[in-house]
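Chain IDs A, B, C and D follow the sequence of writing; residue 1 opens each chain.
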Amino acid sequence: MADLLINKLIKEIGLSSWLVLPDWLAWTITAVVTAGLVLNVIAGGALVFIWAERKIAARIQDRLGPTRTGGRFGWLQSLADGIKLLAKEDLMPEGADGMLFRLAPYVSFCASFCAFIALPFAFDFVGQRLNVGVFFVVAVLGLEVFGVILAGYASASKWSLFGAMREAAQVVSYEVPLGMCVVVPVMLAGSMDLVTIAEKQAGWFTSWYLFHDPFTFVIFWVYVTCAVASVNRAPFDLAEAESELVAGFHTEYSGLRWSFFFMAEYGSMFLVSALAAVLFLGGWNGPVPLAALLGLSEGTGDTAHYLVRLVGCGNLLLKATLGVLLMMWIRWTLPRLRIDQVMTTCLKYCTPIAAAMFAGVMAWQLAFPGGVVRSFGRPAGEIREGWLQGPGGAFRSEAVPRPRPAAARVVPLPGADGIAAGMGVGGTVGSSTRPLPAEVQARLEDLP
Amino acid sequence: MDPASLLPMLLGLAWLVPLASFAAILFFGPKMGPHGRNAASVATAAIVTSLLLSLAAFGVWLSAHPVTAAAHHGAAGDASAAGAGHADGGGRGSPDGHGAPDGHDGHGGHDGHGDHAAVPVAYSGDWYTLYQGGSLRLSIGWYIDSLTVLMFVVVTFIATCIHVYASGYMHDELHDVTDHEVHVSAGGHLHRPGRFHRFFQALSLFCFSMLGIVIAGNLAMVFIFWELVGISSWFLIGFYFERRSASTAANKAFIVNRVGDFGMLIGLMALWGALGTLHFADGTTVDGAGHTVQRPGLFSLVRPAAGGHALQVPDGMVKFANAAEVARIEAARAGDPRAAAEEIAGRVADWRSAGFGRWLLFIAGVGIFCGCVGKSAQFPLFVWLPDAMEGPTPVSALVHSATMVAAGVYLVGRFYPVLTPDVLLVIAIVGGITLFIAATIALVANDIKRVLAYSTVSQLGYMMLALGVGGWSAGLFHLVTHAFFKSLLFLCSGSVIHACHTNDMRKMGGLARVMPWTAGTMLVGCLAIIGAGVPFVLGLSGYYSKDAILAQALSYSSANPAWSILFYAVAGGAFLTAFYMFRLWFMTFAGEPRDHHIADHAHESPGVMVGPLVVLAVLAVVAGWTLPGGFSLANLLEQARPAGTAATATGGFLFGPLTVPAESLSHEGAIHVTATLTAFATAAAGVLLAAAMYLWRLVSPDMVASMFRPLYTFLAHRWYFDELYDVLFVRPAFAIAGLASGTDRGVIDRLIDGIAWSARQLAGIDAWIDRNIVDGLVNATASATWTAGLELRKLQTGRLRQYVMFIVVGTVALFVLASMLFRASFAG
Amino acid sequence: MNGICLAASHGVGVPLLAGLLSAPVSVAHYLVVGAVLFTAGVVCMALKRNALGVLMGIELVLNGANVNFVAFSSPYLQGSGAASLGLDGQVIALFVILLAAAEAAVALAITLNFYNNHATVDIDRAEDLKG
Amino acid sequence: MMPLLAPPLAAINWHSVLFLLFAAAACSCAVAVVLADNVVRMAFYLVLSLAATAGLFFLAGAEFVGAMQLMIYVGGTLVLLVFGVMLTAQAPFVSIKTSAGDRVLAGMVGAALLAVLLQAAFRVESWRRPALAAEPAPTATPIGMALLGVRVDAPADGTPPDAVRSGYLLPFEIVSVHLLVVLVGAAYLARAKRRRTPRSIDVAASTVVPDAAAGAWERPGAAGVRR
């Protein structure tokens, strides 16, 4: 969304006409703005979700939950809690490893925050479009556990240490099936670029990878399980098992650091849900291709397409929120597993099932190139081509050939190369992914 | 019934059965019953089988070629005409065993008897070819005529008798034997296990070898079995090899035979080198091109049918003798060899008349005869025969009567066609000398077996002389008859020795009443050997054969006055034979026993020994008779008379012109009468003298001996032949051997010892160097390595961090070094 | 040009920083980083008595090597010049990473065994086989 | 109109800046790993260093390698960290001190090595010449194809156009099998033994004293002399 803002600021608002910004400054501003937006998504999301969780837990437990703060529904409860946390004294147990104790929450938070960099909210609404986006997200999400372990170790308490150990074991082992589940959409889309993957599911909801074939349907639920476990939510919340280890790894924490842990947790919840939405539920594409029906589509330069993108963004947020709510539902419904049950679930069930589904999807691809439903009215070879090819080729295998969003209309900024290189962004403003070189493209097309 | 295929089969089987028994006893002898008792029955069964087979072959022959008395004179009548008339029959006369046209035997049997005389009916062929290369063809084959068949019957019959006899005689060998003639160094006598089976094993081998000689179809095969006879005789004579005398005798017999065989080898080489074949009869071979080629045999080469079977030097020998001229012609006509061959063929006749090649033929004949001289103990190689008495008596009987000594005479008879008059004269002279010397020695011998041995030698001389003077059938006839009565005599002597346990006649006497059967049969044998008979009426077997010899000798000496000495030798031999034979009989059986101890313990031999005596005695009586149908052994032999020998032959280039009268002439009235009367007179005189000296004691032998002391001693020492050979050959041989061994021991061994000693010294030095310097170095290296390792070990502290240090430091050092070198190379 | 006026207007330290900030990155920069990482890893291996510390040193060393590989393969830093490894550098770096993970697994297992047998992770105690 | 900012800052190159940031993080954290005594801190610094290196990879245009680095290396180091914590959470091994001499020695050697490497890094002139002209191509797809054995990336300059460039299918398979084997082997090595593990005292007692052993052994040289 950075270049989007740049376009807004510089071209349409005409910022450059009266304000001479050095391009590096312009890029800095956009970066900061983007970061702020993502940060707001996390923080605001956390607030909303904490409140929602309280209400949902209360309802499931046949209680009322917060009712008074902020009038009805106690919808300001979270804010109040936040203020309370800010005001709380920051305690550090004696014998703790000070530096690690302080750093641990930021590590966790940074991990889940960094993961948002590559998460697309809509076609161009992405902090940094990486052509290894999925990979990046999963890897960075895995980093979150560092904070947990450091916290558990640093706070010199055996409850914390036990919690941290459990968390480490759990996350490390659940990364395997998670990775397998994630690989399936990657394989279907032929790209690790999240934007591309989502774009491949454009059209009616039947083109979502969830409904691509029975295997993907099964593996989606495997993914849900693994996601719940990897963000150690109940019933996999062994790291903070209230009834066993007082509060798990953050027993000794209080105040702002403690809230950082919570923001990180809710952030990663949202992240895995959004990832599920992008990978399996068509991303920002609604169940009905309204925009296409209305003749609008991303890349058509006029103002309308910002609306389209906003709607898409709404789609994604809705889907992600639904996922988070599902997690809450699960949490307050299922009892907590024992650690050995957790491991059994991972190693004896999730992993084999994921592997089998992976093979099944592969076989399905070979059997029905391009899928059963989505391959209506288009030659299979074309789909196979797109399935084989990298992100560059992905567009060409769309039913409606869409123009490359290289903004020929956008005026390249002087000296933008360095900045683009620095941000890892393409050389021309407006294109948020770098195309494959021509000869690579040609060689790809030569492939059988 | 086809003789051409039947005879080889029968005789071949008869020949091979003893081999089978030999092999059987050789491998399983010790397991044949206790101490191999059954070996005797095996060997006997084998020889009986071959006897039966031979008799069957005999019958086959007779049925195919009936014997008639007319053959003799019919042959005499038109010898040359028949020869000319049946020139082509010559080719058919010796049919090849393989490709023989069946009609031929019918032809041989049917059209006139002259055919027999001119060209003998003979079957020949090869069973198996050992080797064929160039012109040489070594094969196991057969040459069968009436002589072969007759010899088979005689040999197998006598061998059978001797087997039966020996199975009783050798029973001592059935258990452990204590040889009283052998003193072991530990004191006492040799005590050894019995060798019963081994005896019969050697006996079977002996029979096999002898029959092989008889059936042999070519000289090579003859030579092979010749040597086999030699080796088996060596086994038998040296049967008691623990006895020094026995082993010496065996070696003597073998070595002396080798001397003769050397001459035989020369003859073989001459024949093969010049004629390229050793086969007696013609035959066919399949050459490389695949078509059969007619190969003339020796006989038809020497006496070609074209020449009426007259003896002539074969072309091969002529060319061989005139090799230089042949080579010149071939060189001149190098262009086309055919023309050269034609020219040579054209000139062969001239060369032959010029005398080329006759020496070669003479040498061939004399060479073959040398072998015969060795085998049948002719002068000067007769010395082995008396010593061969060391073997068991059955062996002596076999050796002296039927087999070994017979082999020589048989070979001369078989080889007769190739012998020129000169060779025949040589044979006659040698035979005469032999018979005279042997007879004289027999006069004074006191060992009963020695007397018989020397009589054998002189009888062999008779045969040789007979063959030499042209009496082909006479000689061979005497061979057959002699085989009977001489084996009879030996077995009788064996029985006597068995009874008296001594060989010395001076200890015997008066045994006639103790052992009448032996005495009677031996008397028959003596009468037979002296040729006793009623002149012109009837006689024992010896009468006929000896008369034939006398007659032929007489006709020969009348034909060549220069050599009438031969006749006198024969007559004197007859006288001496009569004398010493009856001297033997009187000393042994007549008169008073000189040694009562012996006489009392003497007893008649068991039936198994007497039986053969009686049978042989009967045969010795009747062997010479002619049946009313005209059948007689002599006439049977006539069927095998070699082509062209029926007629009077002339020739001779060495001893002047010689005439070999036809044998038929000896039956002319005058010669016949003279010979018969002479024989009777001399025999009677000999018998009377012997009776006077040893029966009636009119004259004391000792007085005679003392009267002719030098002569007596000379004779008693057997003409000092052994001494002579001792001086001539043995001592020089020993001297040379001693010299050689002295050189070996004194010089060569010393030299070798010196070398060895110096080598040892060097080795010692080397060992010292090795032990002290090389090993020292090696050990020093090892210990240095060890200590270095021990030191370096400390470097390995087991501290990972230090290892990392080493690595880093090494890397940095390498970098620096490399960069410095880099600069250096840039600078350079 | 900017660098020059920077040097003209300010002191000595500033141009260095400014030059660093403004000068485009080259392979040498990466090589320097790789060298530092490598050296740090080697020193770590040489210094740590804790087996885990040694393992971390190894990781650092491999990482430094990877930096060099990537640098040489990067089309940024030196076009796709003849000296560039192209894609191969990245692939090799990938394999290095994979094998490093494997090596870490085995090494940790060994360390655990060592701990079971010696009740310590001090590799200076791991000298049973020393010469 | 006056430009808002002074010219010098206008020359700032973001690429260089980010590079400096990541490089500084990587190097300083690496040095921190060396200097730290606490195992857990070492692991922490190591994680930071590796992550920073991953950032460097991203800057170099090798996103895939960077992501790999993050996932595998950091994951592996995570396990490392877990072990460190497990083994050293309880008292004595939290920090095993190294002697000052060792530190000095290691420092010197490290300095020498660093010097060598640095002068090697700066020796080649062309390495110091940046070439930012090239449009960086995404490398995930070519790498994937290369691992599948097909090379679709642009050949480096100087390679003949018809040169056959080998893919990495076989190494890929080998590495996979290798990883499997390592997994099994690690599980085997680290499995819980049934027998009671000997205490350190027993180990010390059972250790062979090399010198005594050396005395016990027979010197071949002596043997040779005796023969």
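Convention: a residue touches a chain if its C-beta (ideal position, glycine included) is under 8 Å from a C-beta of that chain, and two chains touch if they have at least 3 such contacts.
Note that the structure is predicted; figures quoted are calculated from it, not measured.
> Chain with the smallest distance from its CA centroid to the overall CA centroid?
D
> Contact counts by the stated rule: is the higher one at B-C or A-D?
A-D
> Could you work out how far the Cα centre of subunit B sits from that of subunit C, in whole Å?
About 108 Å, centre to centre.
> Rounded to a whole Å, what is the gap between the Cα centroids of subunit A and subunit C?
That pair's centroid distance is 30 Å.
> Take the average of all CA coordinates in subunit A, do the same for subunit B, and state the distance between these two points in whole angstrom.
About 123 Å separates the centre of subunit A from that of subunit B.
> In angstrom, rounded to a whole number, how far apart do the mean CA points of subunit A and subunit D lie?
Roughly 29 Å, centre to centre.
> Can you pull out the residues of subunit D that are in contact with at least two other chains?
Counting only residues that touch two or more other chains, subunit D contributes 10, 12-13, 15-17, 59, 61, 64, 68, 75, 79, 102, 106, 109-110, 113, 120, 132, 136-137, 142, 153-154, 210.
> Going by the contact rule already set, what residues in subunit B reach two or more other chains?
793, 801, 805, 808
> Two or more other chains in contact with one residue: find those residues in subunit A.
418, 421
> How would one label the connectivity among the chains shown: line, ring, star, complete, or other?
other
> Quick one: which bits of subunit C touch subunit B in the complex? Just the residue numbers, please.
Those in contact with subunit B are residues 42, 45-49, 54, 123-124, 126-131.
> Which residues, counting only subunit C, touch subunit D once they are in their complex?
By the definition above, subunit C touches subunit D via 2-3, 5-6, 9-10, 18, 20-44, 46-50, 52-53, 55-57, 59-60, 63, 66-67, 70-71, 73-87, 90-91, 93-95, 97-106, 108-113, 115-122, 125, 128, 130-131.
> Any idea which subunit D residues touch subunit C in the complex?
Subunit D residues touching subunit C: 7-8, 10-13, 15-17, 19-20, 23, 26-27, 30-31, 33-34, 39, 42-43, 46, 49-50, 53, 56-57, 59-62, 64-65, 68-69, 72-73, 75-77, 79-80, 83-84, 87-88, 93, 96-98, 102-103, 106-107, 109-110, 113-114, 117-118, 120-122, 126-134, 136-137, 139, 142-143, 146-147, 151, 153-158, 168, 171, 175, 178-179, 182-183, 185-190, 193, 197-200, 203, 207-208, 210.
> Across the complex, what residues on subunit A touch subunit D?
Against subunit D, the touching part of subunit A is residues 18-22, 24-25, 27, 97, 99-100, 103, 130-132, 135-136, 138-140, 142-143, 145-146, 149-150, 152-154, 161, 164-165, 168-169, 172, 175, 191-192, 389-392, 417-419, 421-424, 427, 433-434, 436-437, 439-440, 443-444, 447.
> Report the residues of subunit B in contact with subunit C in the complex, numbered from low to high.
Counting only subunit B, the residues touching subunit C are 792-801, 804-805, 808.
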